[in-house]
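Here come two complexes built around chain A, the first alongside chain B, the second alongside chain C.
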Partner chain A sequence: MDVSSTGIQEPFDLIRLSLSERVFVKLRGDREMTGILHAYDGHMNLILSDVEETIMIVSEGEQQATVNVAKRKMDMLFVRGDGVILVSPPSRT
Partner chain B sequence: MDESPPPPDVQSPPPPPPSHTGSPTDFLKGVVGKKVIVRLNSGVDYRGILSCLDGYMNIALEQTEEHVEGKITNRYGDAFIRGNNVLYISAAEEL
Partner chain C sequence: MLIFSVFKTLTDQQVTVELKNDLSITGVLKSVDQFLNIRLDNITVLDETRHPHMMAVKNCFIRGSVVRYVQLPAEHVDTQLLEDATRREAQTQTKR
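And then the complex of A and B:
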(Lines of atoms letter the chains of each structure in order from A and count residues from 1; the text may use other names and numbers.)
(Lines give C-alpha, C1' and ligand atoms only; values in the text may rest on other atoms or scores of the structure.)
Protein backbone atom coordinates (compact mmCIF):
# COMPACT_ATOMS: atom_id res chain seq x y z
CA MET A 1 0.00 0.00 0.00
CA ASP A 2 1.40 3.34 -1.02
CA VAL A 3 1.54 5.63 1.96
CA SER A 4 1.86 9.36 1.34
CA SER A 5 3.99 11.58 3.53
CA THR A 6 1.16 11.95 6.02
CA GLY A 7 0.05 8.32 5.83
CA ILE A 8 -3.59 9.31 5.43
CA GLN A 9 -5.74 7.78 2.70
CA GLU A 10 -9.17 8.55 4.07
CA PRO A 11 -10.43 11.09 6.59
CA PHE A 12 -11.08 8.47 9.27
CA ASP A 13 -7.34 7.64 9.29
CA LEU A 14 -6.88 10.99 11.00
CA ILE A 15 -9.17 9.83 13.81
CA ARG A 16 -7.67 6.35 13.97
CA LEU A 17 -4.20 7.85 14.46
CA SER A 18 -5.57 9.94 17.35
CA LEU A 19 -6.76 7.03 19.49
CA SER A 20 -5.50 7.35 23.08
CA GLU A 21 -4.55 10.97 22.37
CA ARG A 22 -6.17 14.20 23.52
CA VAL A 23 -8.37 15.58 20.77
CA PHE A 24 -10.26 18.81 20.27
CA VAL A 25 -13.89 18.40 19.21
CA LYS A 26 -16.14 21.16 17.90
CA LEU A 27 -19.84 20.44 18.32
CA ARG A 28 -23.16 21.91 17.30
CA GLY A 29 -24.70 24.37 19.72
CA ASP A 30 -21.52 26.43 20.29
CA ARG A 31 -19.82 23.69 22.25
CA GLU A 32 -16.24 22.55 22.20
CA MET A 33 -14.45 19.89 24.20
CA THR A 34 -11.12 18.24 24.64
CA GLY A 35 -10.67 14.71 25.87
CA ILE A 36 -8.75 11.48 25.46
CA LEU A 37 -10.17 9.56 22.52
CA HIS A 38 -10.92 5.95 23.42
CA ALA A 39 -13.20 4.82 20.60
CA TYR A 40 -15.13 6.01 17.58
CA ASP A 41 -17.28 4.58 14.81
CA GLY A 42 -18.41 5.48 11.32
CA HIS A 43 -21.04 7.91 12.65
CA MET A 44 -18.29 9.70 14.56
CA ASN A 45 -19.86 8.61 17.81
CA LEU A 46 -17.01 9.14 20.25
CA ILE A 47 -15.95 7.83 23.63
CA LEU A 48 -13.88 10.43 25.45
CA SER A 49 -12.40 10.46 28.93
CA ASP A 50 -11.04 13.26 31.10
CA VAL A 51 -13.25 15.69 29.21
CA GLU A 52 -13.47 19.44 29.53
CA GLU A 53 -16.45 20.94 27.75
CA THR A 54 -16.60 24.64 26.89
CA ILE A 55 -20.01 26.15 26.16
CA MET A 56 -20.23 29.57 24.52
CA ILE A 57 -23.38 31.33 25.69
CA VAL A 58 -24.19 34.32 23.48
CA SER A 59 -26.62 36.82 24.95
CA GLU A 60 -27.86 39.63 22.71
CA GLY A 61 -27.56 42.92 24.58
CA GLU A 62 -28.96 46.33 23.62
CA GLN A 63 -25.72 47.48 22.01
CA GLN A 64 -23.69 44.35 21.47
CA ALA A 65 -23.80 40.64 21.97
CA THR A 66 -21.82 39.34 24.91
CA VAL A 67 -20.34 35.88 25.05
CA ASN A 68 -20.17 34.04 28.32
CA VAL A 69 -18.17 30.86 28.61
CA ALA A 70 -19.16 27.96 30.81
CA LYS A 71 -16.89 25.02 31.44
CA ARG A 72 -17.48 21.65 32.98
CA LYS A 73 -15.55 18.44 33.38
CA MET A 74 -16.63 14.86 32.92
CA ASP A 75 -14.71 11.64 33.55
CA MET A 76 -16.17 9.61 30.73
CA LEU A 77 -18.44 10.66 27.90
CA PHE A 78 -20.27 9.25 24.91
CA VAL A 79 -20.71 11.87 22.17
CA ARG A 80 -23.39 11.19 19.57
CA GLY A 81 -21.85 11.51 16.11
CA ASP A 82 -24.42 13.81 14.55
CA GLY A 83 -23.41 16.64 16.87
CA VAL A 84 -19.80 16.58 15.71
CA ILE A 85 -18.59 19.33 13.37
CA LEU A 86 -14.82 19.00 13.58
CA VAL A 87 -12.24 16.82 15.29
CA SER A 88 -8.64 17.93 15.52
CA PRO A 89 -5.94 15.56 16.71
CA PRO A 90 -2.93 16.77 18.68
CA SER A 91 -0.37 18.25 16.32
CA ARG A 92 2.00 15.55 15.10
CA THR A 93 5.25 17.26 14.28
CA MET B 1 -38.16 -1.97 -44.24
CA ASP B 2 -38.48 1.76 -44.72
CA GLU B 3 -35.09 3.31 -44.00
CA SER B 4 -36.18 6.94 -44.48
CA PRO B 5 -34.71 9.50 -42.03
CA PRO B 6 -36.84 10.38 -38.99
CA PRO B 7 -39.39 13.13 -39.45
CA PRO B 8 -37.98 16.61 -38.72
CA ASP B 9 -40.32 17.30 -35.80
CA VAL B 10 -38.62 14.63 -33.66
CA GLN B 11 -36.62 16.47 -31.01
CA SER B 12 -32.92 15.85 -31.25
CA PRO B 13 -31.24 15.10 -27.91
CA PRO B 14 -29.82 18.16 -26.17
CA PRO B 15 -26.21 18.89 -27.05
CA PRO B 16 -23.71 17.50 -24.55
CA PRO B 17 -22.46 20.00 -22.03
CA PRO B 18 -19.18 21.69 -22.93
CA SER B 19 -16.39 19.18 -22.63
CA HIS B 20 -13.33 19.54 -20.37
CA THR B 21 -15.40 20.68 -17.38
CA GLY B 22 -15.49 17.21 -15.83
CA SER B 23 -17.79 15.79 -13.22
CA PRO B 24 -17.97 16.80 -9.55
CA THR B 25 -15.93 13.69 -8.77
CA ASP B 26 -13.26 14.81 -11.24
CA PHE B 27 -13.14 18.18 -9.52
CA LEU B 28 -12.71 16.60 -6.10
CA LYS B 29 -9.99 14.26 -7.37
CA GLY B 30 -8.20 17.22 -8.90
CA VAL B 31 -8.35 19.34 -5.76
CA VAL B 32 -6.81 16.79 -3.35
CA GLY B 33 -3.46 18.08 -2.17
CA LYS B 34 -4.38 21.67 -3.08
CA LYS B 35 -5.40 24.66 -0.97
CA VAL B 36 -9.16 24.76 -0.53
CA ILE B 37 -11.83 26.71 1.27
CA VAL B 38 -14.46 24.54 2.93
CA ARG B 39 -17.60 26.39 3.92
CA LEU B 40 -19.96 24.84 6.44
CA ASN B 41 -23.69 25.36 6.68
CA SER B 42 -23.06 27.55 9.73
CA GLY B 43 -21.11 30.01 7.52
CA VAL B 44 -17.75 29.17 9.06
CA ASP B 45 -14.89 28.73 6.58
CA TYR B 46 -11.94 26.36 6.88
CA ARG B 47 -8.93 27.12 4.69
CA GLY B 48 -6.24 24.50 4.36
CA ILE B 49 -4.71 21.79 2.24
CA LEU B 50 -7.14 19.03 1.37
CA SER B 51 -5.57 15.73 2.49
CA CYS B 52 -8.43 13.51 1.45
CA LEU B 53 -12.16 13.05 1.53
CA ASP B 54 -14.64 10.17 1.39
CA GLY B 55 -18.09 9.40 0.03
CA TYR B 56 -19.84 11.13 2.93
CA MET B 57 -17.76 14.21 2.12
CA ASN B 58 -15.96 13.83 5.42
CA ILE B 59 -12.82 15.89 4.93
CA ALA B 60 -9.28 15.79 6.26
CA LEU B 61 -7.49 19.15 6.09
CA GLU B 62 -3.89 20.11 6.91
CA GLN B 63 -2.61 23.50 8.07
CA THR B 64 -6.15 24.60 8.66
CA GLU B 65 -7.30 28.10 9.51
CA GLU B 66 -10.82 28.64 10.83
CA HIS B 67 -12.36 31.88 9.57
CA VAL B 68 -15.49 33.42 11.06
CA GLU B 69 -16.74 36.63 9.47
CA GLY B 70 -13.36 37.18 7.81
CA LYS B 71 -11.27 36.77 10.96
CA ILE B 72 -9.06 33.84 11.84
CA THR B 73 -10.49 32.27 14.98
CA ASN B 74 -8.47 29.06 15.22
CA ARG B 75 -5.65 27.06 13.65
CA TYR B 76 -5.38 23.30 13.47
CA GLY B 77 -2.47 21.19 12.23
CA ASP B 78 -4.94 18.57 11.09
CA ALA B 79 -8.69 18.67 11.10
CA PHE B 80 -11.42 16.15 10.40
CA ILE B 81 -14.66 17.77 9.26
CA ARG B 82 -17.83 15.66 9.38
CA GLY B 83 -19.35 15.67 5.90
CA ASN B 84 -22.91 16.59 6.82
CA ASN B 85 -21.76 20.09 7.80
CA VAL B 86 -20.20 20.88 4.40
CA LEU B 87 -21.85 23.49 2.17
CA TYR B 88 -19.14 23.71 -0.47
CA ILE B 89 -15.49 23.07 -1.27
CA SER B 90 -13.80 25.81 -3.23
CA ALA B 91 -10.40 25.54 -4.92
CA ALA B 92 -8.18 28.28 -3.50
CA GLU B 93 -5.34 27.84 -6.01
CA GLU B 94 -4.93 26.97 -9.68
CA LEU B 95 -5.85 23.37 -10.47
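And then the complex of A and C:
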Protein backbone atom coordinates (compact mmCIF):
# COMPACT_ATOMS: atom_id res chain seq x y z
CA MET A 1 0.00 0.00 0.00
CA ASP A 2 1.45 3.33 -1.01
CA VAL A 3 0.51 5.59 1.86
CA SER A 4 2.90 8.42 1.07
CA SER A 5 1.29 9.41 -2.22
CA THR A 6 -2.32 9.55 -1.00
CA GLY A 7 -1.90 10.18 2.72
CA ILE A 8 -4.88 7.92 3.31
CA GLN A 9 -4.44 5.27 6.01
CA GLU A 10 -7.84 5.17 7.64
CA PRO A 11 -11.36 6.19 6.65
CA PHE A 12 -11.33 9.53 8.47
CA ASP A 13 -8.31 10.61 6.41
CA LEU A 14 -10.63 10.89 3.43
CA ILE A 15 -12.71 13.43 5.31
CA ARG A 16 -9.65 15.22 6.66
CA LEU A 17 -8.38 15.79 3.12
CA SER A 18 -11.77 17.28 2.23
CA LEU A 19 -11.45 20.12 4.75
CA SER A 20 -12.21 23.51 3.17
CA GLU A 21 -13.64 21.74 0.12
CA ARG A 22 -17.23 21.28 -0.93
CA VAL A 23 -18.53 17.89 0.22
CA PHE A 24 -21.72 15.95 -0.33
CA VAL A 25 -23.42 14.64 2.84
CA LYS A 26 -26.23 12.10 2.92
CA LEU A 27 -28.35 12.19 6.06
CA ARG A 28 -31.12 10.23 7.71
CA GLY A 29 -34.68 11.19 6.90
CA ASP A 30 -34.24 11.46 3.11
CA ARG A 31 -31.98 14.50 3.39
CA GLU A 32 -28.86 15.40 1.47
CA MET A 33 -26.66 18.47 1.46
CA THR A 34 -23.57 19.99 -0.04
CA GLY A 35 -21.41 22.49 1.80
CA ILE A 36 -17.85 23.54 2.47
CA LEU A 37 -16.41 21.42 5.27
CA HIS A 38 -14.70 23.33 8.06
CA ALA A 39 -14.70 20.94 11.01
CA TYR A 40 -15.56 17.38 12.01
CA ASP A 41 -14.95 15.05 14.94
CA GLY A 42 -15.02 11.34 15.71
CA HIS A 43 -18.82 11.32 15.95
CA MET A 44 -18.98 12.78 12.44
CA ASN A 45 -20.41 15.98 13.84
CA LEU A 46 -19.77 18.46 11.03
CA ILE A 47 -19.55 22.21 10.60
CA LEU A 48 -20.29 23.31 7.05
CA SER A 49 -20.72 26.70 5.40
CA ASP A 50 -22.60 27.78 2.28
CA VAL A 51 -24.92 24.80 2.68
CA GLU A 52 -27.63 23.72 0.28
CA GLU A 53 -29.92 21.12 1.80
CA THR A 54 -32.23 18.91 -0.27
CA ILE A 55 -35.15 17.17 1.40
CA MET A 56 -36.89 14.38 -0.50
CA ILE A 57 -40.56 14.26 0.43
CA VAL A 58 -41.99 10.92 -0.67
CA SER A 59 -45.77 10.67 -0.80
CA GLU A 60 -47.27 7.25 -1.43
CA GLY A 61 -50.01 7.47 -4.06
CA GLU A 62 -52.59 4.87 -5.09
CA GLN A 63 -50.54 3.63 -8.02
CA GLN A 64 -47.04 4.94 -7.41
CA ALA A 65 -45.04 7.03 -5.01
CA THR A 66 -44.22 10.59 -6.01
CA VAL A 67 -41.15 12.41 -4.82
CA ASN A 68 -41.15 16.13 -4.15
CA VAL A 69 -37.92 17.93 -3.53
CA ALA A 70 -37.50 20.87 -1.17
CA LYS A 71 -34.28 22.88 -1.14
CA ARG A 72 -32.99 25.52 1.24
CA LYS A 73 -29.76 27.34 1.88
CA MET A 74 -27.97 28.09 5.13
CA ASP A 75 -24.86 30.19 5.86
CA MET A 76 -23.12 28.22 8.58
CA LEU A 77 -24.41 24.95 9.93
CA PHE A 78 -23.56 22.41 12.61
CA VAL A 79 -24.78 18.91 11.71
CA ARG A 80 -25.08 16.35 14.50
CA GLY A 81 -23.12 13.19 13.69
CA ASP A 82 -25.84 10.66 14.51
CA GLY A 83 -27.81 11.79 11.44
CA VAL A 84 -24.95 11.37 9.00
CA ILE A 85 -25.00 8.38 6.62
CA LEU A 86 -22.09 9.28 4.37
CA VAL A 87 -19.69 12.09 3.54
CA SER A 88 -18.35 12.19 0.00
CA PRO A 89 -15.39 14.31 -1.11
CA PRO A 90 -15.79 16.64 -4.07
CA SER A 91 -15.68 15.01 -7.48
CA ARG A 92 -12.43 15.89 -9.19
CA THR A 93 -13.45 15.92 -12.83
CA MET B 1 -14.19 18.19 22.31
CA LEU B 2 -13.50 20.45 19.35
CA ILE B 3 -17.14 21.08 18.52
CA PHE B 4 -17.85 21.65 22.22
CA SER B 5 -15.21 24.42 22.19
CA VAL B 6 -16.77 25.97 19.10
CA PHE B 7 -20.14 26.18 20.83
CA LYS B 8 -18.52 27.67 23.93
CA THR B 9 -17.10 30.50 21.82
CA LEU B 10 -20.60 31.13 20.47
CA THR B 11 -22.29 31.68 23.84
CA ASP B 12 -24.46 34.82 23.94
CA GLN B 13 -24.91 34.61 20.16
CA GLN B 14 -28.22 34.04 18.43
CA VAL B 15 -28.55 30.50 16.99
CA THR B 16 -31.34 28.42 15.44
CA VAL B 17 -31.61 24.83 16.64
CA GLU B 18 -33.52 22.38 14.44
CA LEU B 19 -34.72 19.30 16.29
CA LYS B 20 -35.30 15.82 14.91
CA ASN B 21 -39.06 16.38 15.25
CA ASP B 22 -38.73 19.32 12.77
CA LEU B 23 -39.24 21.97 15.47
CA SER B 24 -36.94 24.96 14.89
CA ILE B 25 -36.11 27.14 17.89
CA THR B 26 -34.22 30.43 17.65
CA GLY B 27 -32.69 31.88 20.78
CA VAL B 28 -29.61 33.17 22.53
CA LEU B 29 -27.13 30.40 23.33
CA LYS B 30 -26.56 30.58 27.07
CA SER B 31 -24.59 27.42 27.73
CA VAL B 32 -23.50 24.09 26.30
CA ASP B 33 -21.93 20.95 27.77
CA GLN B 34 -19.85 17.98 26.58
CA PHE B 35 -22.96 16.14 25.32
CA LEU B 36 -23.84 19.23 23.30
CA ASN B 37 -26.91 19.77 25.44
CA ILE B 38 -27.89 23.38 24.80
CA ARG B 39 -29.55 26.05 26.91
CA LEU B 40 -31.37 28.78 25.00
CA ASP B 41 -32.81 32.05 26.36
CA ASN B 42 -35.41 34.36 24.84
CA ILE B 43 -36.64 31.74 22.38
CA THR B 44 -39.03 31.92 19.45
CA VAL B 45 -40.35 28.93 17.52
CA LEU B 46 -40.17 29.14 13.73
CA ASP B 47 -43.75 28.07 12.97
CA GLU B 48 -45.64 29.23 16.03
CA THR B 49 -49.10 28.44 14.68
CA ARG B 50 -48.13 24.78 14.34
CA HIS B 51 -46.71 24.65 17.85
CA PRO B 52 -49.01 26.83 19.98
CA HIS B 53 -47.94 25.03 23.16
CA MET B 54 -44.48 26.57 22.74
CA MET B 55 -45.70 30.20 22.76
CA ALA B 56 -45.39 30.67 26.51
CA VAL B 57 -41.90 29.12 26.69
CA LYS B 58 -39.20 31.77 27.07
CA ASN B 59 -36.14 29.67 27.73
CA CYS B 60 -35.31 26.00 27.44
CA PHE B 61 -32.80 23.23 27.81
CA ILE B 62 -32.40 20.97 24.77
CA ARG B 63 -31.02 17.46 25.10
CA GLY B 64 -28.11 17.12 22.68
CA SER B 65 -29.32 13.87 21.16
CA VAL B 66 -32.54 15.40 19.75
CA VAL B 67 -30.70 18.07 17.78
CA ARG B 68 -30.48 17.67 14.01
CA TYR B 69 -28.84 20.98 13.04
CA VAL B 70 -27.70 24.19 14.62
CA GLN B 71 -27.55 27.26 12.38
CA LEU B 72 -24.61 29.37 13.53
CA PRO B 73 -23.84 33.06 12.98
CA ALA B 74 -21.26 32.83 10.18
CA GLU B 75 -19.60 36.13 11.12
CA HIS B 76 -18.62 34.68 14.50
CA VAL B 77 -17.03 31.51 13.12
CA ASP B 78 -13.35 31.61 12.11
CA THR B 79 -13.28 28.88 9.45
CA GLN B 80 -9.48 28.89 9.08
CA LEU B 81 -9.07 28.40 12.82
CA LEU B 82 -11.63 25.57 12.72
CA GLU B 83 -9.83 23.71 9.96
CA ASP B 84 -6.46 23.97 11.71
CA ALA B 85 -7.97 22.80 15.00
CA THR B 86 -9.70 19.89 13.24
CA ARG B 87 -6.42 18.76 11.62
CA ARG B 88 -4.68 18.99 14.98
CA GLU B 89 -7.38 16.94 16.71
CA ALA B 90 -7.40 14.36 13.89
CA GLN B 91 -3.66 13.92 14.37
CA THR B 92 -3.93 13.29 18.11
CA GLN B 93 -6.70 10.76 17.45
CA THR B 94 -4.59 8.67 15.06
CA LYS B 95 -1.51 8.73 17.32
CA ARG B 96 -3.36 6.83 20.04
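Definition applied: the second predicted complex is superposed on the first by the 86 of 93 C-alpha atoms of A that agree within 3 Å, B and C clash if a C-alpha of one lies under 4 Å from a C-alpha of the other, contacts with A are read in each partner's own complex, and residues count from 1 in each chain.
Note that in this section a contact is a pair of C-beta atoms (placed from the backbone, for glycine too) under 8 Å apart; a residue touches a chain by one contact, two chains touch by 3 or more.
The shown structure was predicted, so the numbers you read here are calculated from the model rather than taken from an experiment.
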With both structures lined up on chain A, is it a clash or a fit for chain B and chain C? fit
Tell me which partner A:9 touches in the superposition: chain B (first), chain C (second), both or neither. both
Should A:38 be classified as contacting the first partner (chain B), the second (chain C), both, or neither? second
Looking at the overlay, does A:24 come into contact with chain B only (first), chain C only (second), both, or neither? first
One more residue to check, A:86. First (chain B), second (chain C), both or neither? first
Overlaying both structures gives a minimum C-alpha distance between chain B and chain C, in Å, of 11
Chain A residues touched by both chain B and chain C? 9-10, 12, 82
Partner chain C, residues of chain A touching it in the complex: 9-10, 12, 16, 19-20, 29, 36, 38-42, 45, 47, 49, 74-80, 82-83
Chain B residues within the chain A interface of the complex: 40, 42, 46, 51-54, 58-60, 62, 64, 76-82, 84-85
In their shared complex, at which residues does chain A touch chain B? 6, 8-15, 24, 44, 81-82, 84-89, 91-93
Where on chain C is chain A touching in the complex? 1-3, 6-7, 20, 36, 64-65, 67-74, 77, 79, 82-83, 85-87, 89-90, 93-94
